[in-house]
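Okay, so subunit A shows up in both of these, paired with subunit B first and subunit C after.
Let's look at the complex of A and B:
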């Protein structure tokens, strides 16, 4: 049983990990075909992983409705929202547009999903402002540097900020756009590169640990 | 799409937008309805994407039309994931997960090495080899990047104790990190605000006579709801206080 439950899954990780890694560096048609096939397989398995999440969500809201817990009525709207996208998709075979223009799925996307999604993220603008107030209370020189970089970026992207910059710092000859461009292209790049190099080393080490079966928390408990 | 559907869509979009914005005043049932609808609609959207873009063309058609039995392997690995819900046989789901982890790890190594490691080091060093043809300002910028990257790497290097010169260099690295975080924060704020302008623009469009003043009427209804709810809440509170005193 240990073989089926533990050793074969670990062998799968090793075999697919090593084959994918090697194929990447072999410029041969067979390795290219293999990578294409693996990519297709990954898409299929990931689609089922999505269904796993979907079933879990539905089960969680179903049990809320069945037990009639506080606010169970809201759970019904999860199913309504789901059907509002899936029923038109089935009707239009997953097409948002046809010769006549927007299909029912296109309508659902434009008038239900898109407003909900955009507004949900737009609300964050208000919370970011309140967070900014807390984080921009300048307590150290480092916090001041963070504040200046963020302030110039925000200021430079609104017309009012550009007018203020021109009237106060116009004599320097540098426009706010140029300053933003310089910050994003040089000092910010230095910070970003340091982080990216660190992440890359971490990702490589973790990947090797997974391939060789040292890291196996994703397998769960026996 | 008929005119009636467009007007109905405008009312729904304006209503859902205002319901979500109402959370800025306080938590309320309309926000919760919109929040749950968003969750369901999001799952519905991705469900149809997976069905029509992956399961249809990559599993159903190859299997039923082309009789490509190889597709059964990822399909079975995928189905194995669902055994997570049956505790007795949940170990079967390991087969699907291990495939994803193996493939993901195998791909992450070369991808991280080339884009996040070698390319970044190359991008830092390459300009230094072309200094002869560069302006003094470009040379300064190239040196600034190289200096900044080294300082930031020192900050993340924990194999030596951070004291003396190492501490000075790693402290300079923090300033470069702060500039990056500030710039990233500023960009995020502006991206969120551009979404906000988009929502306001839609509300303005739907406030037109053509849409039967959808935005204004829904907003008015929300204001009435909050007023009534506040007054009723106050009455209830007073009754409870009286009962407690009595």
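Let's look at the complex of A and C:
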């Protein structure tokens, strides 16, 4: 049992991990063919994962409806939303437009998916503005620096802000664009580059840990 | 007494702020202020110049990876860049790795090609949605048709005039990725850097500062950020669109945020030293 549950999966990960890594650096037809095969396999596995995810989502919401937990009515909309998009998609063979104009799928996309998705994101703007008022407190030097940088960036990003800058601080000779360029080219890039290098090193280390069987959480608890 | 009154401002019902923002956003839509967009940022100018200097007939691959949630910022960018490509008589291929983008691509291409008398299959082609972007991007490096053997209508992609001479990234003059996700990082890392393909990005305003390192090193040839970036690109191609018309609302909303932060902090200072 240990062989099937642990040793074989670890061996598969090791062999294919090393082969994929090496293939990246070998510009030979064999390695290109191998990468192509791996990509196709990956797509097939991803499709199964997508299907499993869907079953899991449906099961989780079904149990909420069956047990009538708080807010179970919202779970109904998972099925309604799914059917509202999938049924027209099957009926119209995935086409949103035909010679007569919008198909049922095109209609569902334009008048159900589109406004719902946009509304969800638009609501964020209201919370951001409200939070900016209630929570952005300049209580330390760091917060002050952050505020000044944010202030200049926001001001410089809109024409009205640029007009205000020119009329109030025009005498300094520094345009808001120049100040923004400096902020973006030096402090912002320095910070972002540090984060990117950190993430890249972390990803490399984690990959090696998985390939060599040190990190095994992906195998589950058993 | 004054201190207590001022403290009430911090307990202000958030719905008043919501109402204020709604007014600020809606008012310019009903009655546009029409403020001029005076400046063109360096990165937008670079994106425009790169596209503008491509030889007519060059193949540009557009990867449009955004859904309706980021549509107000990104769709105007995409339309402006597609218009520019058609103006320059470039060949256009469109791919996407976000399922929700398919309808938006359809909407964009319903209108724009007609403005330039461009024909589907001859001047542009749209490929179907694909999952697992990293695998697809890697595959396209050796054989484009290994993944995209058919276009969105099921036609054999190899037979389309627009695809003549295109086998992999080596035959592409430019990749344009407009996205509200981290797809641009993937394009840079897996395609731009590895196969030396020029990449131009279009992103939301909030994620724009994160791409500074790629711009400094030349890994990105240009970058369009948010609705302002779209408005700038529209002014460069001299075709005002949704980016330009949305600038008024953006103006006032940004200034409202600044005013609210300033107000709350001034009140805090008064309370502290009163």
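Criterion: the second predicted complex is superposed on the first by the 208 of 222 C-alpha atoms of A that agree within 3 Å, B and C clash if a C-alpha of one lies under 4 Å from a C-alpha of the other, contacts with A are read in each partner's own complex, and residues count from 1 in each chain.
Keep in mind that, in the parts below, contacts are C-beta pairs under 8 Å (C-beta built on N, C-alpha and C of every residue); 3 or more make two chains touch, one makes a residue touch a chain.
It should be emphasised that the depicted structure is a prediction, and the values quoted were computed from it without experimental measurement.
Asks: Check whether A:217 is in contact with subunit B, with subunit C, with both or with neither, and answer first, second, both or neither.
Replies: neither
Asks: Figure out whether A:47 sits in contact with subunit B (first) or subunit C (second), or with both, or with neither.
Replies: both
Asks: In the overlay, answer first, second, both or neither for which of subunit B and subunit C A:125 touches.
Replies: both
Asks: Thinking of the overlay built on chain A, is A:137 touched by subunit B (first), by subunit C (second), by both, or by neither?
Replies: second
Asks: Touching A:151 in the superposition: subunit B (first), subunit C (second), both, neither?
Replies: both
Asks: Given the touch rule stated above, what does A:96 touch, subunit B (first), subunit C (second), both, or neither?
Replies: A:96 contacts subunit C only, not subunit B.
Asks: Please work out whether A:167 is in contact with subunit B alone, subunit C alone, both, or neither, and reply first, second, both or neither.
Replies: Touch partners of A:167: none, neither subunit B nor subunit C.
Asks: For subunit A, which residues lie in the overlap of the subunit B contacts and the subunit C contacts?
Replies: Touching subunit B and subunit C on subunit A: residues 38, 40, 42-43, 46-47, 50, 94, 106, 109-110, 113-115, 117-118, 120-121, 125-126, 128-129, 132, 147, 151, 153-154, 157, 184-185, 188-189, 192-193, 196.
Asks: Touching subunit A in the complex: which residues of subunit B?
Replies: The contact residues of subunit B facing subunit A are 1, 5, 8-10, 12-13, 16-17, 20-21, 23-24, 29, 32-56, 58-59, 70-71, 73-75, 77-79, 81-82, 84-85, 90-91, 94-110, 112-113, 115-117, 120-121, 123-124, 141, 144-145, 147-149, 151-153, 155-156, 173-190, 192-193, 195-196, 198-199, 202.
Asks: What does subunit A use to touch subunit C in their complex?
Replies: Per the touch definition, subunit A meets subunit C at residues 32, 35-36, 38-40, 42-43, 46-47, 50, 94, 96-97, 106, 109-110, 113-115, 117-118, 120-121, 125-126, 128-130, 132-134, 136-138, 147, 151, 153-155, 157-163, 177, 181, 184-185, 188-189, 192-193, 196.
Asks: Under the touch definition given earlier, write down the residues of subunit A that touch subunit B in their complex.
Replies: Going through subunit A, the ones touching subunit B are 5, 8-10, 12-21, 24-25, 37-38, 40-52, 54-57, 59, 71, 74-86, 89-90, 93-94, 100-102, 105-126, 128-129, 132, 142-143, 145-154, 157, 182-201, 203-204, 206-208, 210-211, 218-220, 222.
Asks: Which part of subunit C faces subunit A closely enough to touch in the complex?
Replies: Residues in contact with subunit A: 10, 12, 14, 17-18, 21-22, 35-39, 41-42, 67-72, 100, 102-103, 106-107, 110, 128, 130-132, 135-136, 138-139, 142-143, 146, 205, 209-210, 212-213, 216, 226, 228, 247, 250-258, 260-261, 263-265, 268.
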